[in-house]
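Have a look at these structures, which come just after this line.
Both complexes shown next keep subunit A, but they swap its partner, so subunit B is in the first and subunit C is in the second.
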Partner chain A sequence: MKINATPFFSFKRILLISSLFLAIIPVSFLSIAIGAYNLPISDVVKCLLNPHGENPAIIAYTIVWFYRIPRTIGALITGAVLAVAGALIQGITRNPLASPFTLGVSSAASFGAGLVIIAGVKLALLPQVFLQTPEGYMIITLAAFTICFLHTLLILTLLFIKGFSPESIVLAGIAMAYMYSAGITFLEYFAGESSLKEYIFWIMGDLTRVNWGKIYFLLATLLITILAVYLFAWDLNALSLGDDVAKSLGVDPRKLRFKVAFMASLTTATVISITGPIPFICIMAPHIARLIIGSDNRYLLPTSIAIGSILLTISDIIARTALKPIELPVGAVTNALGASFFISMYMSIKKGKVMSI
Partner chain B sequence: MLKMKLVAITVSMVLIAIIAYFAGYYTSYIPMPVSMPRPQQIGISKFKVVYPITIVDSAGRNVTIEKEPQRVVVVSSTHEMVLLALGIGNRTVGASDTVIQDPIFMALLQKRDIVNIGKFSSPSAEAIISANPDLVIFYASFYKRVYDEVAAKLPPTVKVVYFDLYKISTMFEEIYKLGLIFNKVDKALELISKWSSRFTYIVGKATEIMPSSRVRTFFEGYTELAAAGPGSGWHQILTLAGGTNIFGDIPQPYPKISPESVIERNPDVIIKVTAAFNPCVDNSTKPLENLYNTIISRPGWKSISAVANNRVYVYTTKYLDGPGYVIQLALVAKLLYPNIFKDINIDQWILDWLKDMGLAEPEKVCKLSWVYPSIPSG
Partner chain C sequence: MNSHLKLKVMDVEICYGSYKALSRVEFEVSPGEFIALLGPNGAGKTTLLKTIARILKPRKGVIYLNGKNIMEMNDREYAKITGYLPQINDMSTPMRVFEVVSMGRKPYVTWQLTKEDINKIWSAMKTTEVDYLAFRSISEVSGGERQRVMIARILAQEPKVLLLDEPVTHLDLKYQRDILKLIRKVTRERKLITITSLHDINLAFRFADKVILMKKGLIYAIGKPEEVLVPENIREVFEVNAILANNPRPFIVIEDDTEGD
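Up next, the complex of A and B:
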């Protein structure tokens, strides 16, 4: 691993990264232009140029500004946050298959949502009808986030007890994930038919749930993510050389792992509490980024942002249009993409080079 | 004598099957008056079943019933409602949690020692055996494999029959067969004649509606934005009631559809169903109102003609299974064509059905409406 051999402002890399970020623009436009409602491109452009349209009652305006734009922004931000969180966790664990989901964040969110959708209804704390209203959905989001947050604190405590080694991070995460999956199985078994369906829709991950109100939360998460990129890129490079080297470079591996695990879990938790768990983006995007730009975290993390955004937005376009007017949950598409990506990666392994960090 | 009875029974069974099957296709059907006088209650049964009898259940199995079953286990509330309507609810010794947790059923069954056999989709064989039944009733085309496995574990003395009771094509025939099994043929025929004549009345009127004036409808299932596509019971109801399903071209029963596509297809009426509201137990229709408001406030839906013309309705399917299916059909027909079906009093039909089930004064128990907002009077 030659980190310091290349100067920071490598022209080729900067060009690559900026072209990736530029690619977000056509992808977003595509996402806004295509959907179940057939809109002529000219109408879409007209609506886009007129954020405060003369006549908001026009259907095209509503479709563009209330369905497609929030959804596209949601996909872009969610993809970016998940991808960076994945790259960060892969960096601190030095494990190419680790992700915030390995830390049990998605299981915790699913469990939190299940508590409301299934147990809340079962124990008659909430009427089931209420969950289909926007306020009801907010409660599911809050529960998912609360459980995720508690989970993050718990897992950090576990790590504090056993030391912040890469192995302990993965093991603690997997152990906790098993615990939640036990809880989820239990909940699912006792769920009524319609709550079960509601719940399964939730855990498949879906970007329909993003609306303007939720975009502020997503934006805040994106800012934290960018801050994390800025703060941790260099330290993670040092860590990738081994704990001893990192220490000699003035980076405390324990503290770094604590901070990164906390930040990555929290950003992931916020995002998936809103959308539901969307699998594979946080593993797939950093890998693609690594293939393109190499392992230097100063480049890898920004590239992950671009790749994650593009990947999730394209997945969402496929989910919305493949079978229109039926909408697939975006999780189904990312699952399929992820699986085929990993099989192709596995087939192309040469001396274990591809999967190395 | 026995032969004659068997002949009479077979002939009437075939007749009922034919009527039920072809009811939807009659076009030149002359409507029957709806407010029929109730059949005279006579003390002595006209039909007495002589056991053993062999019937063919809806899974195509030959089942021989040796004697009148006294201890029954049912797997769903639909089956329980039909048993109640046949006047043999008190023979229930085991039921799924949907029955056990319903206060109205428990009040009607008037006992607390009914064994909970678990969820209808995964009933416990041990719990069923512990209820010591002589007959178990399962669904015929719903979770059949699960029930086969459970049935294989039951001792041979326990008879098992498979009846759906939720499909209009087989429902009346199944009620008749249940009447035979339980020696309640009179009651079964009374139930069948009442609800099948109402069914044919609605369908007969609906078939006269011109294809060009059929109301284009978006029917949303229990989960959010799940369209009732072909293969679902509500698609069938909608079609029989003379409506056009705007998602009738989708090859799936309950797909989640894009809200944009509803705007594009612009339905004249939107109907949403829920099972999570019980007019006999809940305190207010707030849950239905909440759902209604959620639907009309979806972005851009104001431009849909159903929303613009205030033709969005939410109704609960509570207790509207089995023969209650006919009430759902009538309700949807009335929501689509208030003028054509103005002679039908849905509230009265619901009370009638609750009375059939044995609820003494349903109007005092079930005070809330099944529909929000109220049904247009036409």
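Up next, the complex of A and C:
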């Protein structure tokens, strides 16, 4: 009797995960249909059904195909990538509040962007408006990514020297984040008013920066993320039983932490170089996923993909509609959501348990 | 082939920095033998178990399993042969009992558990009588149940060598007896090599086929319980006076320390 319960147990979970992925469809539709500019639903559907457009000149077509669809895809992928990266880092640090941002990835990206926005433009004697051009934006993205990448190598080297314990991962990340913050303070002091404003805009993650050209990068990141789920789910489960047990199950905790930290930092670096840092998705999505599906990473990581996508897309819908016609950057919304999420989490702690199933 | 499985520890030395945690450790175990490791805190029991589990690397010496140097085996291969239960289990996330036990199949699977894996998980849970807890969270079960879950995890791994670090220390009397009985039964039936560190001399006396008595990283004595656990050895290793009672079974009684009174 009990043996028969096992397939049912996993069947229930697979059903749950499938319905979460199915929920992405209406959420995406909503995200395409709703925005600062009011479009009748019938027009939106018409545009969606004609990807090549009978009359591409009409404004609805442009809005749907050149603004809202890439933005929605961007939200879906960015949400998924950040959520899994968060779950992965939480797995290797065994800490439910850790994320790639704890490793200092977002500070590195901000510092990289700041270098271009504040110092680069000045030193290259370019006009401030250059940053608004696609080339200008590409340079910011590249700088953010380069610093992130160097940062990842640096932090892995630090960890290699000091051993890959969960504590050292978190400490190294925080120490590095302070360094970038010092660098940023320095840059900000010398920044002009307009470049300072530009910089502040950049560090509030915003999905309007996603266009068709950048979606290929995001897709590649998504593929790496899915590969990471497949490669690391069992190993992370083993690690959750403790380093010694993991070792006795054939998993080398050092190598695993190295590989996971590298992969999660890099995927996070790629997406936030494009969108700017979007806080809290990395922590909220895995936590919600854990509440729904439990801690088994084989289910937790795919669930995080779905939850991350949905969460960020909905946050973006809120960002676009809350103060219509003003569009907020999505980072402002996830910040607010994250804060209220943490407060509700704090209020619901029972017997000191934060991660429960 | 496995019936000839033999564990041979040869002249092993382990150091933490300049501190020698183990030195000149040498012994042999045959299949079906239940070995108890005894000794005061810091004697090197955990270190020895971790060394055989390949968690620590010996500075000197070799451990042979079935004639092969264990350091030369690959991780997955070794994980199929050896199961290790740590003294403190520090799980970071509360999984369900079934999931914890299914971790024992980790060395065998890539992604999906096969029907065979699932059957083995259930039979391991039945052996330690935790099958009724399968879908409960591990954080909700009692200490005794939890330890039986952990042992089921190791049994699901189907190892030939069981390395158990204080498996019964924090359990109440009934579970201490039941779990050791179970481990001994499994050891004999499946011809396993079981090495268990214990705190209770009398449990070792009652359940072990052989006792390894350790002191300060050295093996002080090795042999059958009644040969090793004699008052002289106990005085020397544990620094307490003991009497051997014999009613109805051999039993060690620790004498009161009267010096301070």
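The working rule: the second predicted complex is superposed on the first by the 343 of 357 C-alpha atoms of A that agree within 3 Å, B and C clash if a C-alpha of one lies under 4 Å from a C-alpha of the other, contacts with A are read in each partner's own complex, and residues count from 1 in each chain.
As a working rule, a residue touches a chain if its C-beta (ideal position, glycine included) is under 8 Å from a C-beta of that chain, and two chains touch if they have at least 3 such contacts.
Source: prediction; values computed, not measured.
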| item | value |
| --- | --- |
| First, second, both or neither for A:144, with subunit B first and subunit C second | neither |
| Which of subunit B and subunit C A:132 touches, first, second, both or neither | first |
| Touched partner set for A:83, first subunit B, second subunit C, both or neither | neither |
| Subunit B versus subunit C as contact partner of A:238, first or second or both or neither | second |
| Partner chain in contact with A:156 - subunit B first, subunit C second, else both or neither | neither |
| Which superposed partner A:92 touches (first subunit B, second subunit C, both, neither) | neither |
| Touching residues (chain side subunit C, partner subunit A) in the complex | 50, 53-55, 75-76, 78-80, 82-86, 89-96, 98-100, 103-104, 106-107, 109-111, 118-119, 122, 131, 134-135, 137, 139, 153, 157, 163 |
| Residues on subunit A engaged by subunit B in the complex (per definition of touch) | 35-38, 57, 59, 62-63, 66-67, 121, 127-130, 132-134, 189-190, 192-194, 197-198, 201, 208, 211, 320, 323-327, 329 |
| Subunit A residues touching subunit C - in the complex, by the definition given at the top | 2-3, 5-6, 9, 94-96, 230, 233-234, 237-238, 240-242, 244-245, 247-252, 290, 294-296, 298, 353, 355-357 |
| Residue numbers on subunit B that touch subunit A, as the complex places them | 98, 119, 121-122, 222-225, 247, 250, 252, 255-261, 263-265, 274-277, 287-288, 290-291, 293-294, 299-300, 302-303 |
